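When the chains are written out, they are named A, B and C in that same order, and each has its own residue count from 1.
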């Protein structure tokens, strides 16, 4: 379990704290979504999760290891994978398989084992056969999946994804979300930082940050069924969700949650 | 005279797409006041079409003219302004005003700084506040708008934009859409995007590309009347529109289809009440 | 604009030369260079020419590609020839005369010798990059540099820097092209005006490129930290380069052979 206990963080020289009193835990196989407007502290919290940053108050533990303990930093980072927004700037290798191998190489894994992990990781993200492809020949979505494969090859127990689909087109976005879902079903605990609530509707838990503090802690359904609250929190709900809500208020029996266009139309036409 | 593409085709000779016919027999007409939305999935040829319209590429077949001459010609300089994807990565000047004034300065316009200030105001970046700031310290949405202002400042009759709202949050997208809507008063605007949903309420014309060819070309009403070709190009109408079209299909009377949830709800409830 | 591949010169075919360890090839090239400069007659050059031709054949690299670089040398070769053979108002007998200029037979002979040596040097050494991938090269370099680690040289890190630089060559080239097009679309001209004006015209290209490079460096550092990079110590490799007995044999035989040829001929 990755546990954030009442964490606070202040960047050196900043006027206000970026985070204050945030508590949340990520369990294996579970998806925790982290939403909030720009500047709410989401990226900071993400970086506290794998010891890239150390909390200025409170603490973060990964399977019992404290991120503030210098002695276990590398064990923590081997346990918690991390992918960022910009796919291009995470790729180190001159060809795909060398980039995926980067993590295990750093961990001193044997060459034979690295080979196995690289091929498995590429397969898991749908990039089988891309071993010798050069990065600049890949689409942005493929690059991001390559980055996920690179994290996977380290056999992490958890993965923190900081707005992984922000720079992708719809196809790339859908492919990356599929890869992340695959990881979760393999038992990896995922912390997904995003702007798009519709990407994390299947999350076990949703946290919404506002100016560094937790403004909402619940389930996706809790936000979808209370659009006024979501808007207050700075979450953009898709138009059809707002429509469904407005229709419900008008007496139409639209199914709860996130109904499809067909379901809404169906409900409208039923007396 | 409009920006006109008639039956243009283009095949890349080098690079990743070499040998592939990226654009095949496409025709577009853009006039001042138009907002033409060119939609398509990755590889559909939309970015290539944009470059052809801007005069950056010469068509292999067909012709492109702006006010009667080729867009790449010397005389056409300044007629078309193009904004590429992620334009905020091209900032270089010390102040935002100076960066935005780069275009008009190169075109030897008489008052580049004035053009810059007007453009900044058009994208809702207060010139007195944002003008002297460094372009590198702006937030994502501000930077995007600042970069778009760089194109607006050129005073071109036609404005071409590639994914102008990609990567922005809701507020940023709204600000960009508002700026483009205002520009239509004096220019013809072409927006290339893989997610045209947010532009459908404003568009005067929609073109859907698939595999380099035109799958659909027509007004938004025509699109809503028969979205099959559009969907065949791999594009999907926004769910809220689909709800309204489905309701219409079942006999509910809806005078217009909108992207605004409140307006749509009111119209649907009224239609439902009326048909009971 | 053709985007340069990270692989640059590398010709991806299967051959005994390709299969050799990078270090073997580097050692043989070193011996080749030494031997070539020790050789002092056309007979010696001929021997080395035969050696180069033989390796090109064995490496299965198309001759056209192997000798591609010679064209770029054109100017240097002509200059070499003229420098050695051209005489102004010579007193002695010349091979050919054009007014005050004369071509000296002995000088021409020397010029041809030096020019031929330059050609052989270029083709011979380029065989290294034609048959070895950049990563194999940086790995080989790192291995060869390793004794330097004992002296405090960060050999692992240097090799990593080289690899990352190679990896980003095509990406940076693409970005540069994008920025040039974008600024051109805003009316920037790179081919007008004085030399100074043309250089200044590149400021709107270089500044964004550098800003992006710095941002990239930061993101990359975070990514490398997250993937547990802590320097060159203790890293294993997916493709571990090993010197086989065959490698040592080739290194020894070819190495000494080339140097000896240079000394004898």
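Here, a contact is a pair of C-beta atoms (placed from the backbone, for glycine too) under 8 Å apart; a residue touches a chain by one contact, two chains touch by 3 or more.
Note that this is a predicted model, so its numbers are computed, not measured.
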{"item": "Per Cα centroids, the chain farthest from subunit B", "value": "C"}
{"item": "Interface with the most contact pairs, given as the two chains involved", "value": "A-C"}
{"item": "Subunit B and subunit C, separation of their C-alpha mean positions in angstrom", "value": "46"}
{"item": "CA centroid of subunit A to CA centroid of subunit C, Å", "value": "44"}
{"item": "Separation of subunit A from subunit B, taking each centre as the mean of its C-alpha atoms, in whole Å", "value": "31"}
{"item": "Sites on subunit C at which at least two other chains make contact", "value": "3"}
{"item": "List of subunit C residues in touch with subunit B within their complex", "value": "1-3, 178-179, 181-183, 185-189, 203-208, 211-212"}
{"item": "Residues of subunit B touching subunit C in the complex", "value": "14-15, 54, 56, 77-78, 81-82, 84, 87, 89-93, 102-103, 105-107, 136, 150-151, 154"}
{"item": "In the complex with subunit C, residue positions of subunit A that touch it", "value": "47, 50, 52, 74, 77-78, 81-82, 84, 86, 88-95, 97-98, 101-111, 114-115, 118, 134-136, 147, 150-151, 154"}
{"item": "Interface residues, subunit A side, partner subunit B - complex", "value": "37-38, 137, 139, 166-167, 169-171, 195, 236, 238-240, 242-243, 246-247, 250-252, 260-262, 264-265, 268-269, 271"}
{"item": "Interfacial residue positions of subunit C with respect to subunit A in the complex", "value": "3, 5-7, 133-135, 163-164, 166-167, 170-171, 174, 215-216, 219-220, 222-230, 234-240"}
